[in-house]
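This is the structure I want to talk about, given as structure tokens.
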Amino acid sequence: MSWLGPQEWAAVALSLKVAFWATLFALPPGVCVAVALARWRFPGREIVNGLVHLPLVLPPVVTGYLLLLTFGTRGWLGGALAEVGVVFAFRWTGAALAAGIMGFPLLVRAIRLSVEAVDPKLEQAAATLGASRAWVFITVTLPLILPGVIAGAVLAFAKAMGEFGATITFVSNIPGETQTLPLAVHNFLQVPGAEAAAWRLVVVSLVVSMGALLLSEWLARRVAARVAGR
Amino acid sequence: VTVFAAASLKGALDEVAAAWNGEVQISYAGSSALARQIAAGAPADLFLSANPEWVDWLEADGVALKRVDLLSNALVLVAGADDPRAGLDQLKGQDRVAMALVDAVPAGIYGKAALESLGLWEAVAPRVVQADNVRAALALVALGEAPLGIVYATDARAEPGVRVVAEFPPMSHPPILYPVAALTEAGAPLMGFLQSAEAAEIFTRHGFGVIAE
Amino acid sequence: MTLEVAITMRQGAFALDVAFEAPAGITVLFGRSGAGKTSIVNAVAGLARPEAGRIAVDGSVLYDSAAGVNLPPHKRRMGCIFQDARLFPHLTVAQNLAFGRWFSKTGPEQARVVEMLGIGPLMGRRPGALSGGERQRVAIGRALMAGPRMLLADEPLAALDEARKAEILPYFERLRDEMGVPVLYVSHAPAEVARLATTVVALDGGGVLRQGPAAEVLGDPQVMPLGPRAAGSVLEARVVAHHADGLSELDAGGLRLHLPAVRHAEGAALRVHVQAADVMLAIRPPEGISALNVWPAAVRELRMGSGPGAIVRLDAGGQALLARITRRSVEALELAPGREVYAVLKAVSVAPESVA
Amino acid sequence: MTLEVAITMRQGAFALDVAFEAPAGITVLFGRSGAGKTSIVNAVAGLARPEAGRIAVDGSVLYDSAAGVNLPPHKRRMGCIFQDARLFPHLTVAQNLAFGRWFSKTGPEQARVVEMLGIGPLMGRRPGALSGGERQRVAIGRALMAGPRMLLADEPLAALDEARKAEILPYFERLRDEMGVPVLYVSHAPAEVARLATTVVALDGGGVLRQGPAAEVLGDPQVMPLGPRAAGSVLEARVVAHHADGLSELDAGGLRLHLPAVRHAEGAALRVHVQAADVMLAIRPPEGISALNVWPAAVRELRMGSGPGAIVRLDAGGQALLARITRRSVEALELAPGREVYAVLKAVSVAPESVA
Amino acid sequence: MSWLGPQEWAAVALSLKVAFWATLFALPPGVCVAVALARWRFPGREIVNGLVHLPLVLPPVVTGYLLLLTFGTRGWLGGALAEVGVVFAFRWTGAALAAGIMGFPLLVRAIRLSVEAVDPKLEQAAATLGASRAWVFITVTLPLILPGVIAGAVLAFAKAMGEFGATITFVSNIPGETQTLPLAVHNFLQVPGAEAAAWRLVVVSLVVSMGALLLSEWLARRVAARVAGR
């Protein structure tokens, strides 16, 4: 597609990379938090629940600003992490972090709903067959919540593809490093007459996301078919 | 009266509006969003843009309006308040430079033009972090995330967390102009007040240059 | 191996308060719907937590409120067959069967279990594509395959047809007799109880009504949940000979029994459950009749029921035997304790499932 | 009301191809696990769609592949009792019961149903807090309360204890005898089948093995799924008198029967299922024995089984009667077609659930 | 709380109003779309699914811009609707529309997961008892998916409380009419040194949203308890 310049292609590639890693890294903690919220009663449960929803409630710019305060080079965590070689500020990793955090509540909710729908009696049956808590989770719970995990991953991925406010606030707009598709689109929309270029990128973003969506639907159907008939 | 104004005018314009004895509602957003909304029929009486291009765009789009260039601004290089450096030469170091979006937001566009005309752009470009708007760029410097920043003189004055390292020569970039456009008859009186001496005093206090008739 | 249970538990308005011992062999929990059978099974499996009490297997404590012990289910190694099969819907039948084995590494041979349960053709299917009875059979197989140290079976055969029951029952017997795996077995079916039970615990409304060796509890016509019709006696017998005409001759402490061929070898010991309703009494040795088993016996006790029936406790050559006849016959035959009579039992009256 | 079913259907590797008629009364679908019983019930209820064929009730077509008719389930008004109770988990027992009534506005009185099923104390609970048997009872109540024009009951009593079964069975009989609600009933229990069935459809591997009036199918010792032990004869009888000692005297076309009191009024017609295994034969009228029913009879036919048993078809004063005895007795008594013998039946041998 | 000026209070009240109506109006179509996606196979299903996810994938600014083009007074739909007296452009109703659309994918996913977890056998049982499709839905499906509906509503409400990009692009930032909390926060962030005021609004927004969250958790627990034990 020669109608995209190298900078646009870079944005497309970056967005995919960011969304992929954001989703991948958000999944394990997402599953843990979802299971904890769905199944456990622990002190501070409501606080965790609140924190998870925070990125949804806050204006994205505020989330980005908070990320900057936390993970920036001068941030309390960012400084410490920098010493062990993990740097988020103004890096694509930061964009992934922002995207992951913005998508986290969506991920957690989807998985949590699935966990709540799992019949505990099946998990009990697994336990009587000798499976420890961890094994029950791996062999019974996880396969049964797979549709929810897929749904959550799709939401997080889609959100990561579209995330703008937190990303630009946290890691700025550095072409090739942090300029994801939405940032590139935003760039074009700011300039009179550049709408055409903006729409081109929107279309690319749609194609990619719809592809991911179709893939996930297909995956989910396969998983659901396996558990069919209940 | 409903005023659509570029977000970067907020501090000064709020004061001017308060000084005016009439009902004013000001909607602050990016100039591009506001211009598009006006084109889409927004009930704005007055439009203060952060650059002339969006007013040109509106005129080209067939929106009837009456415009004047109201304010001007200057571009400065800033650093953290406790950073003792001075001079545009600081740009030649290895420090990150915070700017507004260099291809989209006026402050960024002017900044890029200035750097180009000074022959610095090639060297600086890889170190530029582009914020959504000039205030965000300013915040990056104030927070210490970026040691240097290129912002408007008005911003540098308002933010105690930064100090001016150098001013860009006015000739190094196109003139920084804030046009005001009256879109309805109702907007005319306020437009008049914006051009008054009383308003000029407030704008000047915030660091703007007031363009005489 | 002995299971000791002494617990109190509460579920809504229902209060469970039971204490019983299940020695080696099969202990049947018997009682009406809602008596608390499943609740006990859940407590033993570790799926429900009693309020107080103690559960121990062979001295190793599973639960003890006083000592604060509460072993998690997976450490108890109780093979559970649930009232609702609870198969894993995402696994095939074969994978369901393999599940427990994976954790225990021991257990019976898969081929044998599959063959006994007749689930060979189902191995590749998922539970959603099984009939009710098929699901239950797979659930039985899954529990067996885990090689548990004890089996908890909650009405495992309720959904199965007679023929299939007849195929599976011997397996439980083998568990009891050969492998020494203790079984806690919930059942409503008197024939099943009579055939399998080493010990019977009769429950009612959350409490133990009566408990003891099967022969004793089942020989007690007062055990309410069974109803008098299910009363019967259990004879400990030994195979004397297998005859060519398809009959087996048994010796029960002096009594000669002729039954349709049993599968036990000559000389082997077995138990025969004789239902009281299948025993006729005569005052003269009857002749020219089709019944093959006629024994002289002495009336020991007469219990008149509230209805038309009466239970006659007999001593037939040292063996206790129950006969259920009508009160009218009691009068006609002038039965009274001490009277000498003849007990008559048809060979075919003893159901195959009553021999073990 | 007659239900006509003639369908083919396929589920994975399983192919169903059946055609039968269920006249008024209770039609029992009988067959081994996996024979296709639930599949038929689902097709009749409209929950599974056959590949081809026709299902009609009393001429009104529910499904007809040729005519392209396929009535949705809610228009069929079939009351279903599922093998798994399928109660609505979000509704209380009372609300579950009321569910169908809301749509039909007709049906039996709630108080009667609740009392019969013994679910009064459960009304405020949700299904999650019920025992297995309680759930099944509520499911029965829910189906009955909807006042369906036909009942489809898939092993409704499998999870229930004997006493509860004895309480619920008469209700199904009343449905059959008084209310004229046709019932398609899946069951494994021979006694239940014998007692309830007007018509029996024996299934095997997706096809109909044998169908016909209950007396006929059950009197056929060849019906495989039952096994020969369950063979028996059905006597059409009339109550002559209720005696003070708790016995009822019946007349079955000349035969006098004495049974533990039946609940029918004097003069009322009823059916008695006499299991072949409960009938003894004698060549002389036995005397001094506890059996109250002794009838002269003539041997009509002898069928030797492959095992130790034989089935003897008798004519006792015009009534067909089956006796299952050992082959050894056949020889000892020199039985042969035409020989005059005496059939002996203990009064208490006839189980209460065998009288209807 | 005297530390909030009248304009800030107006923003709080407006945000609540916008979030409330956005959630309320998004719910019925959300339920319908979720059920359709979960249960029906119809041509164009994938397209509907894609459309639903669109607001997640697109940068919010683009969504806002598309809304402006569609529902603006000059927009093709906006013009038609204006003739029947329904105006979105630069009204709070428009802010609600933007918030509703941004929250729609979250709503639909949560409900859809719940629908997929409902055992069709229960719905079949209801049908045999005489309940038509619609009645089955009302009496069985709907009560059983209630936890998902609540979860979806919470997500949509939270998103509505935090939505910024689409709103400011579509209906501008008019105090008292379209200036929701995130827009007011944005306003403060534009003024150097006004961070304190911005944080105050963020706190208010957190308090409101966490309140809604706690309420929803409590509701969900009650609902779940009703369906407990399965």
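In this document, chain identifiers A, B, C, D and E correspond to the written order of the chains, with residue numbering beginning at 1 in each.
Heads up, the rule we're going with is that a residue touches a chain if its C-beta (ideal position, glycine included) is under 8 Å from a C-beta of that chain, and two chains touch if they have at least 3 such contacts.
What you are looking at is a predicted structure, and each value in this text was computed from that prediction instead of being measured.
> Determine the set of chains touching chain C that also touch chain E.
Intersection of chain C and chain E contact lists gives A, D.
> Return the chains shared as contacts by chain B and chain D, ordered by label.
For chain B paired with chain D, the chains in contact with each are E, in label order.
> Which chain has its C-alpha centroid farthest away from the centroid of chain C?
B
> Specify the chain pair with the maximum number of C-beta contact pairs.
C-D
> Centroid from C-alpha atoms only, then distance chain D to chain E, rounded to Å. What do you get?
Those two chain centres are 57 Å apart.
> What is the distance in Å between the mean C-alpha positions of chain C and chain D?
Here the centre of chain D sits 26 Å away from the centre of chain C.
> Whole-Å distance, chain A centre to chain E centre, using C-alpha means?
20
> Of all the residues in chain B, which ones touch at least 2 other chains?
Correct list: 136, 139.
> For chain C, which residues are shared contacts with two or more other chains?
84, 129
> Can you list every residue of chain A that touches 2 or more other chains, as numbers and ranges?
61, 65, 121, 165, 186, 189, 230
> Give every touching pair of chains, nothing left out.
Final set of chain pairs in contact is A-B, A-C, A-E, B-E, C-D, D-E.
> Chain E touches which residues of chain B in the complex?
2, 4, 7-8, 10-11, 25-29, 33-34, 36-37, 39-43, 133, 135-136, 138-139, 142, 155, 158-161
> Show which residues of chain E lie in contact with chain B when the two form their complex.
Where chain E meets chain B, its residues are 61, 64-65, 68-69, 72-75, 89-90, 168-169, 172-179, 186-187, 189-193.
> If we count contacts the way the header does, which residues on chain E are in touch with chain A in the complex?
Residues in contact with chain A: 46, 49-50, 53-62, 65, 105-106, 109-110, 112-114, 116-117, 119-121, 147-148, 151, 154-155, 158-159, 161-162, 164-165, 181-182, 185-186, 189, 198, 202, 205-206, 209-210, 213-214, 217, 224, 230.
> Help me check something: in the complex, which residues belonging to chain C touch chain D?
The touching residues are 11-13, 31-34, 37-38, 83-84, 121, 125, 129, 131-134, 137, 154-155, 158-164, 188-190, 225-227, 229-230, 243, 245-247, 258, 260-261, 277-278, 280-284, 286-292, 307-309, 323-329, 332-333, 344, 346-349, 351-352.
> Could you list, by residue number, the parts of chain D that touch chain E in their complex?
The touching residues are 45-47, 72-74, 76-80, 82, 84, 86, 88-91, 99-100, 103-104, 126-129, 142-143, 146.
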